[in-house]
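Notes follow once the structure below has been shown.
Should a chain be cited, it is by its letter among A, B, C and D, assigned in written order, with residues numbered from 1 in that chain.
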Amino acid sequence: MQNLKDKVAAVFAASGEIAGAVARSFSQHGAKVYVTARNLDAVKTLAQEIKANGGSAEAAKVDALDEAGIDNFLRKVVADNGKLDVVFNGIGANYDEMGGRPPTTEATFAQFMAPLEKLCGSQFLTSRIAARYMMQTRSEGTILLLTAALSRSKLSNVAGITAASAAIEGLTRVMAAEWGGDGIKVICICPGALLETRRISGWINAAAQQYGMPVEQLVAQYKSLDILKTSPTLKQVGETAAFLASETGVAFNSHIVDVDCGKLNIL
Amino acid sequence: MQNLKDKVAAVFAASGEIAGAVARSFSQHGAKVYVTARNLDAVKTLAQEIKANGGSAEAAKVDALDEAGIDNFLRKVVADNGKLDVVFNGIGANYDEMGGRPPTTEATFAQFMAPLEKLCGSQFLTSRIAARYMMQTRSEGTILLLTAALSRSKLSNVAGITAASAAIEGLTRVMAAEWGGDGIKVICICPGALLETRRISGWINAAAQQYGMPVEQLVAQYKSLDILKTSPTLKQVGETAAFLASETGVAFNSHIVDVDCGKLNIL
Amino acid sequence: MQNLKDKVAAVFAASGEIAGAVARSFSQHGAKVYVTARNLDAVKTLAQEIKANGGSAEAAKVDALDEAGIDNFLRKVVADNGKLDVVFNGIGANYDEMGGRPPTTEATFAQFMAPLEKLCGSQFLTSRIAARYMMQTRSEGTILLLTAALSRSKLSNVAGITAASAAIEGLTRVMAAEWGGDGIKVICICPGALLETRRISGWINAAAQQYGMPVEQLVAQYKSLDILKTSPTLKQVGETAAFLASETGVAFNSHIVDVDCGKLNIL
Amino acid sequence: MQNLKDKVAAVFAASGEIAGAVARSFSQHGAKVYVTARNLDAVKTLAQEIKANGGSAEAAKVDALDEAGIDNFLRKVVADNGKLDVVFNGIGANYDEMGGRPPTTEATFAQFMAPLEKLCGSQFLTSRIAARYMMQTRSEGTILLLTAALSRSKLSNVAGITAASAAIEGLTRVMAAEWGGDGIKVICICPGALLETRRISGWINAAAQQYGMPVEQLVAQYKSLDILKTSPTLKQVGETAAFLASETGVAFNSHIVDVDCGKLNIL
């Protein structure tokens, strides 16, 4: 349980549930964790919880889309620690921000581009700034990105977020290829629908409203494709991230890692 | 050779070599072809060539990133013909527009997003506006997009265009899923490096300069992964597009179609 | 419609419906077609039909699992024609031959291996013997194999045929890599479930019996994943094969070509 | 480091280096490990080493291709322990057994089928017999298979082993789909070339002889595609297997898990 002993980890968009679970796992494996978000209160609470559980954590207000803000933050982290070992960016998007789930014929250009800019753009920013500091400090660290299996699905009314997911996976491969010479690992985590999160339950509720279906029916639909009749947990995503950032995790470098417990429709 | 007899086809960014080849093939298979670009002179010349060869063509000035312009143009096409059978958007990007091939640690946010907005954004616009008119006129047509196998590669210094290629492939699947109920086919063409084009020869020249390698060596490098020791031709891409838009081509609906003659490093 | 003018094509297992459709398309595109099967009467009837329609065809009794028989047959074809341009092997398997659809815990070793030996083994034999004669005669021909998307699915009670389908796709890539230097193209066709064939209707009937479901419900289930609410036709498979064997088809060398009209669950 | 505390694990073909590493990791994570092979002395030595390091191990003579032998062995394991939690089959093949690396045009039918029967056949046997005992004892265990990325490569003169690798991956998906309802996880490990193993160094030596190249050049060729300029280690494969068999590993159910540290030519 001490896979990340003495490691320095930075988590972006840590007010979200996935990033929160990842930060908790990083800490439980021994890392010092910097948790950041636009919402400082949320990450302060998270840092306190981690410390209350015996971990080492610091909260900072960082907007994962603000290049200068990310840079200032990471500069301070490496100034204080002399290195940067792990980065995870858990940025996500709600349908609200994307104008709901309009048919692609109705979505505006701005609605379509929004997830590409927010999700893929943020992953680009945090990854590359982290890589620079890892190179500077010869940290040979691990950069973990987040995507969704939409990238390989044929679902309706999700053009922007599907394009963004696919783009993040492509970006992962380029960055892994570029930075491997400096010993930097780049891995992308692709969780299946985490039914316990507010986002997925929000999606399900929104879809239930849109299609006039009972929520239970949609949940059952989601689970009908789950081979183990259970969806992955936040804990499993966090533990997988900690594993990927560990010494053994290097074996997964450059890959898209599905954390879905097996779904009938995802290869 | 009359797979597209009486079909009405619109080609965007037709001043480019790939789109030009596609337009020529569409015409040779019997389609009436509308060739459009920001550069009206270029597509006028193309239309004249097509007509000189016995085809039916019309040129129009359309910016494939201008939503209103695309809409006005396609509205006129369906007003004149009562239908829209085939759409191809050949939009591409030069390294110049993307700030050369900077390392991902150096690329600016704007440089990274540029191909996503231009390539993926344009494919989004032309596809969805075309789909609306196809639905309106019950045309049950075919929408052809363009991508590059970068989406599935691990190459350095091509973060933006790789992300854009992957995004276009994801977008293809969503649109195919959404519009299939209206009989609309959505297929994405993925040509291997077309050594005969100005773009690829430009890339090779740029890379030769950047890495200080002789052009012949880079050409040989490109071809070293070609199973048949030959790269695909513009003619083959055009003929494939015409086939995909034909009655049989429906069998390829929703897929990414590699037109690369087989490469050792592309699955 | 004369994509294969003056070409010499050999079709194995041509008593099957897919191979029959392929032979018909080859002929309609101008090829001289040798149709072979263990059941000589069946391919004689096919050859007569092709000739009645103005094509050129010859029937021969060949067991696509008998190495010497295949060799003798192809030796004669190249002796008579000086070349061999196209080969297609349509070998398939019925659940009967595989012991029904037993759960994998119940399937015997022999039942599991049967489709690997029959389907993958036969494709190996006809492809490599054809390749030898293509090399000998510098034919630079096209070898077309047949697989099923089971290779990329997660379906129950189909272990052997799934393993065989995946194996055939791997084999395709090795052979393409090996023989490309001799100008030989190797391409694998992967048709979606062809509801009009006896085999698929047989499968549906068998599954209906096994699970106690009405046939209509199973057909609807099959189609529920078809984006265009229609399954591909034998004609489309035949025309695609003819296209792949044509001058343009070289662009598809080494690939697995899905002919399924788009399915929600197949990437 | 106690991910597998109180777990009962059976390892087949444990005289091989990969299976040996997996058995060691299973033990280090707290599992009781049964190590089996045709060569009883080899696994006795392994068991002694594990016990000398404080682990719990038992050696048994089992031929991973002998259905009755596997059945008798696993019956005894569940009789003694009341359950079966983890199975790994490390069966491999040497070029010697496959007749060297003959061109596919020269390989005999038997040479081609050999790896399919041995590798894929053995994985089928151990997996399904294990699944039966897991079902009987409601063990909700994990079955780990072994493949090679040849399945997704285009390499020459490796038809049989490529087909076998692809077949094993297809088989993994079917078994995962079938047994998930019983809580059984099925996951396939795909290590990159492990340069430290006798098998890969043997392959490299054989290839060096065949092509008349210095060994160092071939090693450099192997590594030239390694993003991190290092190939994965046996230890990493073992630790990954232990992780996949752990509580968190369930998240990887049904997937092919690459353990290659990132290769430029493997997606």
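Note that a contact is a pair of C-beta atoms (placed from the backbone, for glycine too) under 8 Å apart; a residue touches a chain by one contact, two chains touch by 3 or more.
The model shown is predicted, which means the values in this text are computed figures rather than measured ones.
Peer 1: Would you mind naming the chains that touch subunit B and likewise touch subunit D?
Peer 2: Output, common partners of subunit B and subunit D: A, C.
Peer 1: Count the touching C-beta pairs: is C-D or A-D ahead?
Peer 2: C-D
Peer 1: Using only Cα atoms to place each chain's centre, name the chain farthest from subunit D.
Peer 2: It is B.
Peer 1: Would you mind pulling out the distance in Å between where the CA atoms of subunit A average out and where those of subunit D do?
Peer 2: 31
Peer 1: Roughly how far is subunit A from subunit C, going centre to centre by Cα mean, in whole Å?
Peer 2: 43
Peer 1: Give me the residue numbers in subunit D that touch at least two other chains, ranges are fine.
Peer 2: 152, 154, 173, 176-177, 227, 254, 262, 264, 267
Peer 1: Can you tell me which positions in subunit C touch subunit A when the two form their complex?
Peer 2: So the residues of subunit C in touch with subunit A come to 152, 154, 227, 262, 264-265, 267.
Peer 1: Would you mind writing out the residues of subunit D in touch with subunit C in their complex?
Peer 2: Against subunit C, the touching part of subunit D is residues 67, 103-105, 107, 109, 112-113, 116-117, 120-121, 124-125, 127-128, 131-132, 135, 150-159, 162-171, 173-179, 254.
Peer 1: Under the stated contact criterion, what part of subunit A meets subunit D in this complex?
Peer 2: The contact residues of subunit A facing subunit D are 1, 173, 176-177, 180-181, 183, 185, 227-229, 232, 235-237, 239-240, 243, 248, 250-255, 258-264, 267.
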